[in-house]
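In the two assemblies presented below, chain A is common to both, partnered first by chain B and then by chain C.
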Partner chain A sequence: MSFHPGRMGMAEGIGLTFLVTFPRIFLTTPAISVDAVKNLAWATPLIAFAADLAVFYMLFYAQARLRGDLFSQCEQCFGRPVAWLVAIFYAAVFMLDATLLLRQFAENTLLTALPYADFRFVIIWYAFFVVILVYFGIEGLARASYLMLPWIIFSIFLVLALAAPFYDPYNLLPWQGAGVGEAAKRGLLLAGLNIGGVLLPILGPQFQTVKTQKVAFVLGAGGSTVVRSVMVAGFILAFGVAEAGEKTLPFFELSRLVYLSRYIQRIEATFIIIWVIVGILSIAINIYMALYLIARPLKLPSLRPLVPVMAMIVVNMAILPPDVMTVAQIDSMLLTTLFNFGIVVVPLALFLAVLIRRKRRRLRCHA
Partner chain B sequence: MPRLILGIFLLLTALLLAGCNGSRETDEIAYITAVGIDSAPEGKIKVSYRIAQPAALAGEAGKGGGGGRTTEVLGIVAPSLAIARDELGASVARVPNLAHIKAIVIGEDLARQGLGDSLGPLMRFREFRGSMFILVAKGTTAEQVLRQNKPIIEKLPSRFVEGMMENASVTGGYHMQTFFHHFYLRLKAAGGAPIATLIGVNPLTEEDQPSAGPTSPEKSYEYLPEKLPRTAGNPATLLGVAIFYHGSMVGVLTDEETRMLSILVNEFERGFITIEDPLEPSRGINVLMRPGSSPRIDTAFVDGRAVVRIHILMEGEVTSIGSGINYEDGEYRTLLENQISQLFELEMTQMLRHTQEVNADVANLSKYFRPHFARYQDFRSIDWDNLYSQMDIQVEVETKIRRFGLMRNTAPLRGKE
Partner chain C sequence: MEETLFSKIGVFLNRMLVFQPPKLPSRFVLEEKSRNDSPSQAEDPLKKALAELEALIRYGRRLQATLEKTRAALQGNRWDDERKVLRAEYTALEKQRQELNPLVLAYDVQTDNAGERPVSTSLTENRRLVEALYRLPVNKDLIVRDLTIGTAPPLKAMLIYLEGLTDGKIVGLMILQPLMLLSQGKRKATGDALIRQVMEELLPGNQVQPVGNFQDIQDRVNSGDTVVFLDGAAEALVVETKGWEHRGVGRPAIEQSIRGSQAAFAENLRVNTGLIRTMLRSSDLVTEMVPVGTRSRVNCAIMYLESVANADLVAEVKRRVSGFSTDYVDDSGFLEQFIEDKFILPLPQSLSTERPDRVASHLSEGRVAIITEGSPFALVVPVTFFTFFHSAEDFSLNPIAANFLRLLRVLGTFISIMLPALYIAITYFHQEALPTELALAIAGAREDVPFPAIFEVIMMELSFELIREAGVRIPGVLGSTIGIVGAIILGQAAVSAHIVSPIIVILVAITGLASSIIPEYRMALFARLSRFALLLLATFTGLVGLASGVLTIVVGLCSMKSYGVPYMAPIGPKVVPTLDVVVRGSAERRERRPDSLNTKDPTRQPYVSREWARKLPTGEEEK
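Right, the complex of A and B next:
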């Protein structure tokens, strides 16, 4: 398997972007948002996406005026050393994302589905299936993501609909929650949630045109944002601010709450499968991207020998934090710092570089 | 070759993913269907478990139908629920599983002492869930309730409780479907007081011990579960609700008060009333009532005082007119409608006044003030408990008689023309 990922279209782009930006809705992130922003927490994913959209449009503007993928574009604008730095930085980001997701999904599997299983057993099984998926390459991952997308969305909306008897619309009031300013601040801090969207410019030419990437980002990350926003609203409607803010796994709690009658209740086991699928696919995409960003500058002929090695490194990193609360803290800290840096600085720098180049060219023409 | 090995490996993995993680047969697990919690000396609690016997339910192979007792009740005194769960292992040769609990019953003594410390931690443990029902044992212990819950029709006591809860809204609204989720939510949220359905052990002696006389023009008396005059059947009786203030039980609502509460919170679907005949008060008229629409609740702050205006539309179907007066006729119909409206206004106002006396906003009226606030902290900063007791609550009930059963008018009895 060469580092050249093959040819993909809009559907694959949407699938990959949706899956890589979605998994944290199954973790503690929504509860932390509710705790900070209160009743208006449902707006934070929308604010984060609006900020990301602005940055990505700058990036797409630059891409339309440069050749190749993000690595070669950085090479053209800033030279090879900077391009290498950018590749290493994003590789680290994807690797850290995979690590944090792996640990949290493994912990949550223990917490919800397999309480008496050994932690190492669970994390190694996760890693094993991730290795198999990565082994088949990004096209396989992209198509699996796209095929799973309708099921994931349908299942989520089914849970939201089944939990409706527990909704109280007054839980969304006072509508400003902790304040519009607080919501905007939290939303901007969470912009890093969509860092996975950079896989589109990184894999660049594989998606044919910049327009394909644009649409894939808007529908993939945008779709994921809308679903996440509706889910946060669902948590608040069912649990109210005080209780929603104290949950570790809000979506699991919501599915546990379903009670329509003695025949339709206790359905959470069905939905654990959905979030395990989302988790595994997302971790696999992250690991693939990390490997791709190592192989791309080095021009390695194949990624496959690196897959088990990378998986082992990620597993070892994932088991380093002493407890799940520490992982959640690290996750929160990285989201609001490193991931935000990654989603803003490189696209902005490329955009400015293209503007400066165009201005210089125009001046040269006038001269 | 590697693909073949991988394919075989995946197929073998699929066999292992059948879901038998614990490697335990059903008869190795003690499925607990209800938990009772009572206060015990020295700050301890007495935890009673109702354990299902799947073998008795299923019967022996080939025989069909179960034989013997389907459940057993065991009690343990322990410092906490967690210790009690482990100490259950001292007398039960099975692994306890609490994931199938349908109901938590709290003894009245413990409920009056306060539940915040006992129940709050339950939400943290995965085997407990918000969709469990919470009940308070009225006039007895939770253990007695579990022991005396001997359903006649249902095979399982837990099925009895579940059935009673599911049908609460269509069997008159004399008790309510009280989920643990809502109880916990009210413990945490600003405004709103927790409630739990009352369950009592009825002596089945037919002795009439009403808690209050009928509110004129209604004919029926008000009851609590242990005092309802009845005979035979399951001694366990669900009637009324316990009301809480900051996690401690501070009072009860009788069956009639509970019905008013379920109408106010829009959980009432239908129920009968027997009302004095407006023209011949010694006679009764039976009307099947149901809500015409959701209650409309308007709120305002007037001179610093919280004002609530409640408008309720009820619809009725007359099912019996003892006097034989032709209430189907327009003028008489209005007379009857006004009589019912007056009754509901009176009963609802009395119920709300009762809860205001104990600062327990059981209908969560404070939530209707949320639109008056822009920010959460502003809403949270209000002392809703004290504000509730001072609230000016005005109730207006409108009744429309929509149907008169299968008779279009009432012909006079012979000799009474």
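Right, the complex of A and C next:
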């Protein structure tokens, strides 16, 4: 396995983007949104995606006019030092994302599945499987993500459908919640949720064309956004704003509600399989991307020797915060700052650079 | 010391009282020897020089004998009669002299592998080499027959073949009789013309070929052919005389089917390739032979449809089959391990089948078949994960019925891999997922059992595996009887003894049955191994462990390739799907060949294959 990831297509792009932008629906993020925006919380993922879509279209515009992947495009526009900085920045973003997801999924595992286990054991358990998956390479991860996609979406809609008897449509009213402006602000702040979509331009040529990347982003991140939005609406419908805002793990709580008969009840355990798969896959993709962004500028012949090292660093970082609430706070803070910076600044800078280059070239031709 | 009465008594008592072990020869012990203890002839310069000299002496003696014969002919006034014979003799001598050129001779002697040497014009030299190669006279299998061909002038010849591999009648009727009794014509003196004359005029065998070196000669003799050496010719003639005893075409023992062909491969390579040809009667069905193995050269047939199979795929298969070195290949399963890619999961990368109809069907899709001599199984490459859940009769059945069976197999695979792990995960960590009555029933059944559930499951699973393996190894009817009786008695006894709960017996029985539903043995074996791995993971972390294990398998499957084709095609990567992945469409919907094979001709049949359905019935047309 060299740092060259292989050949992928639209399906792989959709799978990767969906998986890397989706996992926080199983965590506390939806509850925080409900707490902040109230009844209109379901709109925040849509607003965030709309903002991201605008930025990504600028990025894709720039990509269509430059050669290679994001690193080489930055190299062409801003020079090698800046390209290195961009690579290191995104590597840090993916690494932090992996760390935060690892800790939060481990804590959730303790809460829902293994109450007597030590969280470090669970973190190491996750890390072990992540190492194996990263070792298989991004092609395998991408294809597995695409393969898992229908099962994940089907399971989520199944839970939503089975919890229907508990829905109260009046819970969505008043529809403005804390106000449309507040929802828009929160939505824009959560734009960083889709930072994972950057993997498409980073892996660039592996997806053959810019059009493939575009469609993969729209369907992958867009699909993830729609499912997240529907799920948040489901939480509000089932629990009401006051209760939904206090739930630590809204999806788990929603699946706990299910009671259709004596034989279809308390099915939350079976859905552990789905969120464990989503968690491990997204952590593995994040770690792979972080490693790729290290290997790419250094032109390393192989990523594999770095996998256990990176996993160890991530594990150690994940163990650092004292409790899960601190992790949730760090997560919210990074989402609204660092991740937003990553999703807005680099694509925008690249877009402007391409525009300026084109204008200069036109002037030169005119002269 | 002088013998006294006391010393004699002492010796006597000693003999009487002390145990004297019988004098036996020392036991044989296979001692380790260093390689230098037995230097090969090629490594010893003295022996090489000696071999060179011996060759020269033999030439000298032959020359002397011919000269004496010439002198006798001249003195006895028989020159006119003997002239032709002597001329032929001198021509042969001249050729042998050329071979004894110091450079050529030195090269021949220096060659470590005697098999690489060319055929000599001297029968004596050839005979010596054959004797060296086949370890004569110790080895009794090789028959060396000297004869004189009755041409004018007569020609000395020698034929060699392996007893037991050749058909004696063919040797007699197709070689000895025509050469010794029916060859009355005039013979050509020179080597090439002589070879052509014998091949075209004297040997009536259906396959006769000239060969120039001893490697080819060994390959052909070891395959049951007969080789004829002619005095004065630098080539030998190979006559096809294969005729060893072999098992005939029988019914499939492992891949049985209700419908479809009932023929199975045998051990004879040519019978197997012929069986495929009888089912796929296409003139562009190509069979290439590649010998494999350095010590035992076994023929390996590579079959493909030239107008369909991807040329790169065929080249890659040939590259792999001819690109490994081992001394002996005895089975297609052994060959497979040399030519497949290394991967961490023990999944088959080729389809191993005993059914010629299945091979023919895959060849028509653009795959390549590899058949090893002596093996009743053919390998088909490349394959995808879904191929292993198809059976030979799927397309002989109605699509709905076939799809039901296919889905049953997929369900069986899931049960086989996951059911015990799911049971352990839920009973250990997630009891709330069970309905109360079921949870109470399980608890009640386990009340008297003193072991943890994992111990019960592993014990019963291992017992089942033991019974299964014993059932295969114990010969004949006894095997299956012991399998069934063993399972019933063991299960019943274990429950009665309160070692396992009845629910575990049910669980293991269902799992065992489910794993038997997978048509491919190696895939079923992978399912069995995965089951144990998932069981252990579920024991430690319940459904979290199960999910981790399943995900690892899925990502592994998605990373894997079979001869360059992604293992999970056409869904991972997503390519143009055909209606023959998990479920299959009706026969008229199989318009395209699998996209992942990148065949030369992707179209299998037109979009409207049932043309008759668009035409009016015969009676209606007339109206």
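Criterion: the second predicted complex is superposed on the first by the 367 of 367 C-alpha atoms of A that agree within 3 Å, B and C clash if a C-alpha of one lies under 4 Å from a C-alpha of the other, contacts with A are read in each partner's own complex, and residues count from 1 in each chain.
Keep this in mind: a contact is a pair of C-beta atoms (placed from the backbone, for glycine too) under 8 Å apart; a residue touches a chain by one contact, two chains touch by 3 or more.
Note that the structure is predicted; figures quoted are calculated from it, not measured.
Enquirer: Should A:Glu243 be classified as contacting the first partner (chain B), the second (chain C), both, or neither?
Expert: Only chain B is touched by A:Glu243; chain C is not.
Enquirer: Name the contact category of A:Phe166: first (chain B only), second (chain C only), both, or neither.
Expert: first
Enquirer: Tell me the contact category for A:Tyr146 with respect to chain B and chain C: first, second, both or neither.
Expert: A:Tyr146 contacts chain C only, not chain B.
Enquirer: Tell me which partner A:Gln176 touches in the superposition: chain B (first), chain C (second), both or neither.
Expert: first
Enquirer: Per the contact definition in the header, classify A:Leu114: touching chain B only (first), chain C only (second), both, or neither.
Expert: It touches chain B and chain C both.
Enquirer: Once the structures are superposed on A, label A:Ile132 by its partner contacts, choosing first (chain B), second (chain C), both or neither.
Expert: both
Enquirer: Check the residue A:Ile273 against both partner chains and state whether it touches chain B (first), chain C (second), both, or neither.
Expert: Only chain C is touched by A:Ile273; chain B is not.
Enquirer: Looking at the overlay, does A:Gln265 come into contact with chain B only (first), chain C only (second), both, or neither?
Expert: Both partners.
Enquirer: Counting only touches as set out at the top, which of chain B and chain C does A:Met8 meet: first, second, both, neither?
Expert: second
Enquirer: So chain A touches chain B in one structure and chain C in the other; where do those two contact lists coincide?
Expert: 114, 117, 132, 262, 265-266.
Enquirer: Can you list the residues on chain A that touch chain B in the complex?
Expert: On the chain A side, the touching residues are 38-39, 111-112, 114-117, 132, 166, 168, 170, 173-179, 239-243, 246, 253, 256-259, 261-262, 265-266.
Enquirer: Looking at the complex, which residues from chain B come into contact with chain A?
Expert: Contacts found on chain B: 6, 10, 21-22, 99, 126, 129-131, 159, 162-163, 166, 179, 181, 184-185, 188-190, 367-368, 370-371, 373-379.
Enquirer: Applying the document's contact rule, which stretches of chain C touch chain A when the two form their complex?
Expert: Residue positions touching the partner: 426, 429-430, 432-433, 435-437, 540-548, 550-552, 554-560, 566, 568, 571-574.
Enquirer: Quick check: in the complex, which residue numbers of chain A touch chain C?
Expert: Residue list for chain A touching chain C: 8-12, 109, 113-114, 117, 122, 125-126, 129, 132-133, 136-137, 139-144, 146-148, 262-263, 265-270, 272-274, 276-277, 280-281.
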